[in-house]
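When the chains are written out, they are named A, B and C in that same order, and each has its own residue count from 1.
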Amino acid sequence: MSLSTTDVKRIAHLARIAVSEAEAEQTLQKLSGILGLIEQMQAVDTTGIAPMSHSQDVTQRLRTDVVTESNQRELLQSIAPAVENGLYLVPKVIE
Amino acid sequence: MINKSLKQLAAMLASKDISSVELTQEYLNRIDRYNPEINAYIALDQEKTLAQATAADQMLAQGKASALTGIPIAQKDIFCAKGWQTTCGSKMLENFIAPYDAGVIERFNAVGSVNLGKTNMDEFAMGSSNETSYYGKVQNPWDRSRVPGGSSGGSAAAVAARLCAAATGTDTGGSIRQPASLCGLSGLKPTYGLASRYGMIAFASSLDQAGPMAKSCEDMALMMNVMTGFDERDSTSLNREKEDYARDLGKPLAGLRVGLPKEYFAEGLEAGVAKVIEAAIDEYRQLGAEIVDISLPNTMLSIPVYYVLAPAEASSNLSRYDGVRFGHRAAEYDDLMEMYCKSRAEGFGAEVKRRILIGTYVLSAGYYDAYYLKAQQIRRLIAQDFERAFEQCDIILGPTAPSTAFKAGEKADDPVAMYLQDIYTIAVNLAGLPGMSIPAGFAPADDGKELPVGLQIIGNYFDEARMLNAGHAYQQVTDWHTRMPEGVTS
Amino acid sequence: MSDWEVVIGLETHTQLNTKSKIFSGSSIAFGAEPNTQANVVDIAMPGVLPVLNKEAVRCAIRFGLAVDAEIASRSVFARKNYFYPDLPKGYQISQYELPVVGKGALTIQVGEQEKTIRITRAHLEEDAGKSMHGASPGQSGIDLNRAGTPLLEIVTEPDMRSAAEAVAYARKLHDLVQWINICDGNMQEGSFRCDVNVSVRRKGDEKLGTRREIKNLNSFRFMQQAIEYETRWQIETLEDGGKIEQATVLFNPDTGETRAMRSKEEANDYRYFPDPDLLPLAISAEEIESIRSEMPELPAAMKSRFEEAYSLSAYDASALTASRNVADYFTATLQAFGGEAKLAANWVMGGVSAKLNEEDKNIADSPVSPELLAGLIKRIADNTISSKMAKEVFEAMWAGEGTADQIIDKKGLKQVTDSGAIETIVDEVLAANPAMVEEFKAGKEKAFNALVGQAMKASKGKANPAQVNEILKRKLGS
């Protein structure tokens, strides 16, 4: 499974991380090394083995449907990069 | 006094030999003196800290004290603490003042422990040397040119240099045990689900677990009694009877079946480290333990599996850092896309970006089955290894890390070499088992420097009390855990 | 164009009737000040975690039972990863491989025709926030009050073949979710939103054409228009030799046109994987049974009951069970009346619903209560008034002038049923219209009706038409 800088850029875009040409090159080498490590898995026969997402075999606990929260806008927006009239501001969203 | 156990400190506080304010001030003075070099702490706030100490003294006066009331604890900067800068070692959260307390922090506050400050760590807990922190390297108190390990390197250095009475850490692939090993202290990663993950900044949700880092197993038992317990805000928190982790301390080890996984003593383990571990195993024989040879055949696979699952979860967990509601936002951008890409490129360090990219890649269309699903299947095989092993033994002994502390920069540019640091610790997280590391002696590094070596003790699910006693018994007949690095003693 | 066939499938987002959000304790009440109902979990602060709302799960089970679907004993929440400012975590918690509700079906009525639409699945997920435009110039404002609102996304097979069928399904579903009380159905507030997948193919083709998805339709009228426009557009494009690109489109009510969304142009790669912060959702058979026992009688069951018990036509029965309110109104009317169901049915579907449409009122707010209506129908049944008079009385009742009997008295609308009196009237009419009598005898049937008309007129419309007929026939010796 060999990567190209094009792959790196595609992934970086999916992850919303800007990468320069130079960075893409370096990143490519590092990622290829890590993927090489990961490839060891392919040698293992896992047919019929149930994937394991959680270490304990427990199921989801359910919350009773009550409103427990009150307005904390001021506190929470005191650390926001840009707000106006209680709204978080971002560059225009285009639909 | 800085070498006293938590029990001894509690006694002194109870008998008014010293007040929490005095004890806290003592540590703050040591921090002033040693932290500028060691850099174990990212955030300090004397005012808040001393206010807590004053409140603790009132609790003591009112006879409302419990084991850790008034004890100064260092908190890993991964835990949100209300009003405290909480950065997780990242530029992304440089200006993040947590508006709430993590479940673990709440528990320490409830018993009147004192928050001494937030300790340095690898960025978002991604690293084994503490070199990925945006807030600078941490020095290993045993050799300032070497790394303390990671990701809980700040907490490890703080305990080793006696810049706190005890500390908290988190462990996703060895982040408590490996630095404990490299800095010569005791560290425990509990069974997954015992400590609340609420307000503990997520790296890999299905593996992250908080635990104590302290001078001894006895201290860790007292820390566990405060740190663990059900939290309804964390769906993965286990709702179990509260237990006293100190209850077994002092029980004889006679008849304890100790398993030695042959894979943990194979190629890759430094000879000096191996020697120390062998000696420790002899001590256990002396203590009446029965030594059993076992096998954990899939050990080598734990690294590839981990480096699929952890980055996959992390790539998603770290998507919330987008510069919209909190955290770093780039100064200049033309549109939304550029705001995202620049803010994240500037806010995250190289290792974090690498892991986000790997995680994004293994989850992306067409690769899910070959990577993520496969890794989850092998994860089960690894867990089954332990299931079988615990039919033959009660606890498992082995090295915590393949080597002693390495030089800063030595592995910084070679991720794969760095990842191999966690070869003996990762499988425990994948299985969700408890694991701990205790000081077992010293081994000479290539430059002849004698450096701490950690003995790893792995137990079955919920067997922490038994593990702590196994470690405690060893610490009754050895003094490795009382050794202090030079240069921080005065 | 006639050799083309349109193929339609729907994905409907129904906002569930809970008090708090699906994964946090914030209120979901509509219309609060921006971000005043967005807590640390809703805005995805570092380290916060989701805990599932029990009521949202119960709503999903109620729906599963209502469409006779299999309810998963074990379902899993997954993360759908993509970046958007109204999506605080950078992923939406949804269900992917293992949804809570599996295959089911919903039967719709299109004109006289019944058709069963297969439901593929229904899964629980969280809603996103809202992007407000025209905050500061060049900026959008993000309100996260809606983020985390519980949704049940209901997905159908591509079983619909016309805009009419799609709208019929959407209306039926809209009625059903309100009937079982899992959604308030408020489309203006976005509680019920439809995404419509539209593709066209040559009649007889096996293979489906490339589909385009019309997003967020929140009115049935727009849905009709959007599908019709989209269908025309696709057929014309293909007939002009073009090809359809898979796309997400928006409907513009002002122009009546659809256009592709720019933000969705880049192919999405959602990187679904099981959410490690949530454990598998287990639903026991006992839980399902206890919810089943609390379920109201469902429209389908009530419909067949109406057909059998009241011998109503399938058409009438389904109209009367179209919504909970109509069904309740009809049942109450029939109870108060105690007579022939057909008569009550006709009035509910006729007079009452006509007036409601006229005034755009819900039957629950009808000025004529079931009891009042029953009072009117009684008088029709016992011949006190003709159906013609009944309309007049009904209008008066609607205007709030009192009960049927009060109005009948006040307006003196009683029918004349005394045959003696009618006979005298008929005799007068025959005497006054010899010409007509001649025409009738000459075989002109029309003349007979004319004479009836004269008689009714002479009685100022109060004579019982049936009796007039009968007496005339007798007198004319035919």
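Heads up, the rule we're going with is that a residue touches a chain if its C-beta (ideal position, glycine included) is under 8 Å from a C-beta of that chain, and two chains touch if they have at least 3 such contacts.
As the structure is a prediction and not an experimental result, all values here were calculated from the model.
Closest chain to the protein centre (all Cα atoms averaged), using per-chain Cα means: A.
Summarising the inter-chain layout, the chain whose CA centre lies farthest from the centre of chain A is C. Between A-B and B-C, more C-beta contact pairs are found at A-B. Per-chain CA centroids place chain A at a distance of 41 Å from chain C.
Chain A and chain B have centres, each the mean of its CA atoms, that are 23 Å apart. Chain C has its Cα centroid 59 Å from the Cα centroid of chain B.
Multi-chain contact residues of chain A, defined as those touching 2 or more other chains: 14, 16, 53-54, 58, 60-61, 63, 72, 76, 88, 90-94.
With touch defined as above, residues shared between interfaces to two or more other chains in chain B number as follows: 96, 99, 206, 232, 235-236, 315, 319, 322, 324-326, 336, 340, 360, 364. Touching of two or more other chains is recorded for residues 40, 43, 45, 51-52, 83, 85, 142, 144, 269, 271, 276, 278-279 of chain C. Across the complex, chain C meets chain B through its residues 40, 43-52, 79, 81, 83, 85, 88-91, 142, 144, 269, 271-273, 276-279. Contact residues of chain A toward chain B in the complex are 3, 7-8, 11-19, 27, 30-31, 33-42, 44, 46, 49-56, 58, 60-61, 63, 72, 75-76, 78-82, 88, 90-94.
Across the complex, chain A is touched by residues 95-97, 99, 192-193, 206, 232, 235-236, 238-239, 300-301, 303-305, 307-308, 315, 319, 322-327, 329, 333-342, 344-345, 348, 353-354, 356-358, 360-362, 364, 370-371, 373-381, 383, 415-416, 419, 430-433, 461 of chain B. Only residues 79-80, 86, 88, 93, 96, 98-100, 102, 197-202, 204-206, 232-236, 312-313, 315-316, 318-320, 322, 324-326, 336, 340, 360, 363-365, 368, 372 of chain B touch chain C when the two sit together in their complex. Contact residues of chain C toward chain A in the complex are 18-20, 24-27, 33-40, 43, 45, 51-57, 74, 77, 83-86, 131-133, 135-136, 138-144, 250, 261-263, 269, 271, 274, 276, 278-282.
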